[in-house]
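Common to both upcoming complexes is subunit A, partnered first by subunit B, then by subunit C.
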Partner chain A sequence: MRKFVTPLTVLLVPLALGLRPSPVGAQTLSGEEIMKRSSLAEFYPGDDMKARVLMRLITKDGGERIREMTMLRKNLQEGGDQRYFIYFHRPADVREMTFLIWKSPRKDDDRWLFIPALKLVKRIAANDKRSSFVGSDFSYEDVSGRDVEEDSHKLLREEKVDGKDAFVIESVPKDPASADFGKKLSWIDKVSFIPLKEEYYDRRGDLSRVFSADEVKQVQGLWTITKRTMKNVQTGHRTEVTFQEVKYNLKLSDALFTERYLKNPPPEAVR
Partner chain B sequence: MRVRASIWIALGLPLVFASPPASFAIEVPIHGFLEVAGGVRLQDDPAQPEDATLGEGRVQLEVSHSWEKGPKVFLRTDFIGDAVLETTKIEVREVYIDSPPIPKVDVRIGRQILTWGTGDFLFVNDLFPKDYLSFFIGRQSQYLKVASDALKASLFVEPLSLDVVAIPFFTPDRVPTGERLSFFDGLSGRIVGKDADLTLEEPKETFGNTEVTLRLLGHFQSYEVALYGFTGFFHSPVGVKDPMKRVLFYPKLNVYGASTRGPALGGIANVEIGYYDSREDRAGRDPFVENPSIKYLVGYERQPWADFTLGVQYFLDQMLKFDRFQASLPPGAPTRDELRHLLTLRLTQFLRYQTIELSLFVFYSPSDGDSYVRPSVSYKVTDNLTAVLGANLFSGGRSTPFGQLDADDNLYLRLTYSF
Partner chain C sequence: MKKEGTEVSRLTELSVRYPKAVILLTFLITIGFAIQFPKVRIDTDPKNMLPATSDVRVYNDQVEGWFGLHKDMMVLGIANEKGVLNQTTLERIARITEEILKLKGVVLRDVASFTTVDNVVVEGGALAVHPLMTQVPKTPEEMEALRSSLFENPLFLDRFISRDGTTTAIYIPLEEGANGKEIADRIQEILKREKGEEQYSLAGDPVARDTFGAEMFIQMGLFAPIAGMIMFIALFLMFRNLALAATMMVVAMLSTVWSMGALIGLGYPVHIMSSMIPVFLMAIATDSIHIFNEFYFRFKEVGEKRAAILDTIRVVGPPVRYTALATAIGFGVLALGGIIPVRVFGLFVAFGTLVIRLMSFSVLPAVMMLLKEERLMKLVGREDLERGASRWLGMIGKISLERSKTVVAIGLVLLTLALVGITKIRINNNMVNWFKRGSEIRQADAVMNQKLGGTSLAYLVASSEEEDAMKRPAVLRYLEALQRDLEKASFVGKTTSVVDVVKRINRVLHDDDPRFETIPDAQDVIGQYLFLFASSAKPRDLDTLVDYPFQKANIWVQLKTWDAVGMREVLDRIRVYTAAHPPPGVTFKPAGIAYFNLVWNDEVLRDMVRMFIIALILVFLVLAASFRSLRWGAISFIPLLFTILLIYGVVGFIGKDFDMPISVLSTLSLGMAVDFAIHFIRRFHQRLAVDSDVKEALLWTAARPGKGIMRNAVLFAIAFSVMVFASLTPYIVVGLFIVSLMLVSALLTIISLTALINLFHPFLLKKG
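Let's look at the complex of A and B:
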């Protein structure tokens, strides 16, 4: 029974995405189209989402720091505006801190941070999306997605990653100053359009960071990266992220993503 | 001997409470921190016999509980052993109850910390009490805010929200009073420390003296716009009740203001204005009571590169009825400027995956010719343990706001274990 279900889903998901059920070939999709679908698959699944996110920040010598948070996301339009709400559980000195992001493609994000000890709602300048997200190897842009149109994408080849068929795409920023990478290679799963692996090269052409989707599974029928790693190969530092208790389509209200709940998050939203 | 006992308490108190994530039988988690902090004066202060400006052990405990679809209760208490003042005390920072969740309305009753406005360490329409003494000696920035015993009601009708706060018990700002830091005593025209003998007379605790303040806030796309109103008292003693007996008081005050904040020039910009209606000297003819004034604030913050933040602010305090103030001064009395200009600069750089934070905050007033520089280095040794080394450096003429603290420059170190 299990064996039967998997190939069926493989057929149904492309159908649901409006694709032809036949194997998706290199001839049918351009690099840009693949990356657009990949962006939707990675950053927009469901109308909304809630997850408990555990980040392990690991130094070259094995020293470890933990960031644990509840993340809520709501799409206002698929591929368009999104709202993020993040509530920190750990480390202790930022516990109960909340973070609100209103994300719009082609425009700087609006970000608010609430510091509970001061009862202060702080507006965060968001013009530099390359700043590290909570000290991890992920930048803000890695967490909420980079606008596909900011880069030129070229389909290089197709090859297998861990037994999965993947497109290999080369992305180059149209404005070199807009990114801290000179070039990025992505291995995009031909079935789920989830990135299985990414290699970021700095402007000198040296490999700088490597992303890997270590566990990808379906949650409520939606492909989800439940374990991922970003490794900085130049410093040896890496960040391992686990998404637990992932739930989609909870019908989160727009009001949740406002200053009222930033200051006073409802228990059901952060548990 | 007494000093030694206090130091022992200051250092030992955290150990007594050192039982990380403990819980009650009813599963109420306890959080907080243990902290040891010390600070010393960087030069002799003739008005202060002691070199230490800060020496304390502090335990902060926080418990809260929310009932399903019911109210929430919250308690945050500090236990402090203070080696400088040779005291121990318990300070309830916050204790409040929140109304059960109902659409469009939130109510909070009890001791609470309140903050609004757009400034960074500068306040125009935030008339909630501040603890500048803690700020000047290197305590955590959360201690800049003093809690108010208040009732707060908030109404939410998208995209607007209205907050109304009633504070029945007057809480003044905590400012240097000579006990730990010296200050300029305008009545005697000199810097005073432990020998300070001014009497500060607070407003009577009557129903009519309840302070009321409100804010109407609107979100319009990326921009926030707010209107503010306040009726109550100045929170610093800017009135002289009896110059011979050396009694100061907190005159009546109304404030009307507005602010906006949002993206501009690749960063975040804010503008705020407040009209201070000094109700006991509207005409400006009484030299012993602060004149009415208008305060203006413009700020801008951006991230020029990853993990670096740059912030600048310009603050202008314009005394109204200045001619009458001057005319009212007794011959030979020190005068003041009509305009007080103040600039601030904030630089913050995170290093090594945000485990190291280098921070610099500078206040500089071209009109007063004084400045206040706050450098600090913070290192997160582990997720739980943070060490902060910093300084508070003042300079300027002895009668200026920051210059009066010139002999109180201090260096501090804090070790904080959070759980």
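Let's look at the complex of A and C:
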């Protein structure tokens, strides 16, 4: 991880300031370098972050389930370990449920769940990052990022997405068993390095899921996807996610991301 | 009527004058219909028996939408007498699953097998969700762990493992429109590479349905022509003239080509029902034998071809026309029913009947014109009332005359017996039983039903007015009690609902303590369990059991039989249980393939029976009109009614289920028994005009037109006896019943009409 942190930080500074990188510089990037920068831009902005996340799980026929939560994130290391603390507001019967994730790119996550009805903290063995995140079309991996080195990346072409210049990258898992997809195409914004669109193909080669960043804006100078959709084109099910009240660099303490706080979340985690 | 008569005779005159032109024209029109054939579409999905807008289909589609269910599911059973929990078999299961996941048309995200189904367990105090088998167990401890997770989880027992441990299954949902037979064939190829101790059986509705479709095509293409060939040979033996025999065959074939061509050309798919059209038309075409029969007698008397033809058409014409009318109306009525395949079937059989009649008055005379007189002279020498069949029939006539009362008495006894038999009829349908007992499909189904929960699936949807109702402890307890009650039904092998999930989570969260395999007492606990399950496992695992607002729950009811009566028993149980135990604010409604099979079976049969009764009434009116007498109409109606009642009586006595093939078949009696009666009575009247002695006229009728009738029947019986060798039971049943139907109705016509007319002629002939 460490080996690319330094050059990347150098690259990210102008980005964070909203400066356009020179196109010549961009063209010399390889597929893998683009994906590394994209991973940092999407999953690691700021030292920490807080957001009110609203997820709408929508069936093909328009049936809807709501997941509303406050999400806290803290980077321990840029491009490396992260901690997530999630407090559920809705659905009503899971209010006060809390969820703690210690994410590590190279090994299984550690997850703990507080079940208020039983007043019980339960450790969740998380040996599958591909499983669904709270029943949505996003997997844990989609929410917290997949290790860039698990796939081999190829820059296919450059094209515009909604008027924005983008790199088109093809990613193929090095170990087919490590992913649900057989192939992924990503359209990476040349300016923000945020993925504007992603297409996941199943192992048979059929399109299975489509991600789109529907609203991308700068918050405290950091590019942030505030509205996104993941659609399962095979089932017609989709999940729409809105990030509200996004704040970066709150100087969240490490202690907050411990089992102790699951039962009694601090006010800043709840609001 | 008169106008029609003159038209037909003008047609015949034209055909006699320009035989070659008529034949050429017919040939050209036939080509026009034949070129439609490549457009043929086969539809064996029983769903299409009812229109897409029918209540049951609309509700089924809704249920599939609410719970994200797949229309079609195949089940691959894997059995090993020594138990499937050994390394070799498990490795095979893993490999087979992996290969199945590569097949097009398979919904790979929902294929359920040891290696894909999620299991919720406790591991070292942590809640873990992962496939039941991530790796094939290598040590005895690992194997034991797999065994206990299978046997201790009610969600898996009877579904992924049989109680004796010898059988497991892979559940393979299919994408909409995928061909079950093709996928089944590809799975069979995968299995060929996995030969060993294991036995494989592939079952499920799509396999049966699409295999049936493929078989149907073969049977249609094989047995209709074979029956045709046999008829051809029999005809040749009867008339000793190749051209005549060929013509009759050609008439049957042409009418088939015309009506099937029209059906296909108009864009209708060929359904199991319409696949029987050729058989029916061949049966109806044999009526033309009366024309030949009479022609041979006439030609012998007149000695001149042209006059013999015109004379023949003059005397045989009216009965042939009326039989055609009665048959066409009989089948035409089916076209007014509510079931689309029945309507299509009725319509095109009626159309084919009219085509046959048109040809009887055009192509047949044209061909006869082209025959050489000298050759005919030699052949008809054999045609004599004193010889062979005619003499034999004359004797039957004589007995019927002399012992008319006995004949009627025996008839009444048979009728009473038939009515008793009819009360024993069991209405049922079972698509798997459309295959022979030894067939792979039926065996596969039997094996799976013996070992696992059952291959036939029904859904019982519980609905409430309010959201989150399916999290209420009272509701879940009710569902659980209902499940236990349903499991007492003789064919129910397994039921699954959200209750089983809640109980499982409760146990797992309490460190896998079996005492906690219960429904919690508080709604928020249940709500959090379900949230947890939906958040950790594949969300779809829960979606198939509850809808999004938790307003509806889906109880899966697996039946060990495809019999419609099995589902009826389930429905009865639900009715009784909910009446005795009022549900807590929920209502229940059935859906799923097992329920659908019951509904379409009932609707099709009800429609068939209703239309059949209307057809009978109309045919009676046609008969009465044809004789311009209600009394004669009634007399001529008796053989038809009698034949039908006898057949139904026999069906009741031998315990054969009254199903779709049988109901289709009974309509054939419209086409046959009526023909015989009309010919008999018409010709009797004609004879009576010449010879006023009733007894003499009856004897003549029994011998001469009677020979035509018997020839017709025997011809057909011989030809269709080959269908007994078909590989699909509906065709066997049709073959068997056609044979008995023809012989019974021909004999009945001759015997009963002779006896009845003899007894009642003072009354019948009173008016003149």
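By our rule, the second predicted complex is superposed on the first by the 246 of 271 C-alpha atoms of A that agree within 3 Å, B and C clash if a C-alpha of one lies under 4 Å from a C-alpha of the other, contacts with A are read in each partner's own complex, and residues count from 1 in each chain.
What we mean here is this: contacts are C-beta pairs under 8 Å (C-beta built on N, C-alpha and C of every residue); 3 or more make two chains touch, one makes a residue touch a chain.
These numbers were taken from a predicted model, which means no experiment stands behind them.
Engineer: With the two complexes overlaid on their shared chain, look at subunit A and say whether subunit B and subunit C clash or fit.
Structural biologist: clash
Engineer: Just checking: does A:L156 make contact with subunit B only, subunit C only, both, or neither of them? Give me first, second, both or neither.
Structural biologist: Touch partners of A:L156: none, neither subunit B nor subunit C.
Engineer: If we overlay the two complexes on their shared chain A, which of subunit B and subunit C does A:P266 touch? Say first, second, both or neither.
Structural biologist: First partner only.
Engineer: With both complexes overlaid on chain A, does A:A255 touch subunit B (first), subunit C (second), both or neither?
Structural biologist: The answer is first: A:A255 touches subunit B but not subunit C.
Engineer: After superposition on the shared chain, which partner residues are touched by A:Q234: those of subunit B (first), subunit C (second), both, or neither?
Structural biologist: Touch partner of A:Q234: subunit C, not subunit B.
Engineer: Going by the contact rule set out at the top, does A:L113 touch subunit B (first), subunit C (second), both, or neither?
Structural biologist: Only subunit C; A:L113 stays clear of subunit B.
Engineer: Touch check for A:L207: first (subunit B), second (subunit C), both, or neither?
Structural biologist: A:L207: touches no partner chain.
Engineer: Among 146-154, 218-226 or 308-316, indicate the stretch of subunit B whose C-alpha atoms run into subunit C.
Structural biologist: Among 146-154, 218-226 or 308-316, the clash with subunit C belongs to 308-316.
Engineer: Which residues of subunit A are in contact with subunit B in one complex and with subunit C in the other?
Structural biologist: After superposing on chain A, subunit A residues 57, 59, 65, 91, 93, 117-118, 120, 123-125, 127-128, 131-132, 134-136, 237 contact both subunit B and subunit C.
Engineer: Mind listing the subunit C positions that touch subunit A in their complex?
Structural biologist: 65-66, 68, 101-102, 104, 107-109, 123-130, 468, 471, 509, 520, 522-525, 527-528, 531-532, 534-540, 542, 547-549
Engineer: Looking at the complex, which residues from subunit B come into contact with subunit A?
Structural biologist: 31, 33, 66, 68, 98, 101, 106, 112-115, 140-142, 144-145, 154, 156, 158, 161, 217, 219, 222, 224, 261-263, 266-268, 270, 301-307, 309, 350, 353-355, 380, 382-384, 386, 416, 418-419
Engineer: Using the touch definition from the top, list the residues of subunit A that touch subunit B in their complex.
Structural biologist: 57, 59, 65-66, 90-93, 95, 102, 108, 110, 117-121, 123-128, 130-132, 134-137, 139, 180, 237, 254-255, 258-260, 264, 266-267
Engineer: Under the stated contact criterion, what part of subunit A meets subunit C in this complex?
Structural biologist: Subunit A residues touching subunit C: 57, 59-61, 63-65, 91, 93-94, 97, 113, 115-118, 120, 122-125, 127-128, 131-136, 202-204, 208, 234-235, 237.
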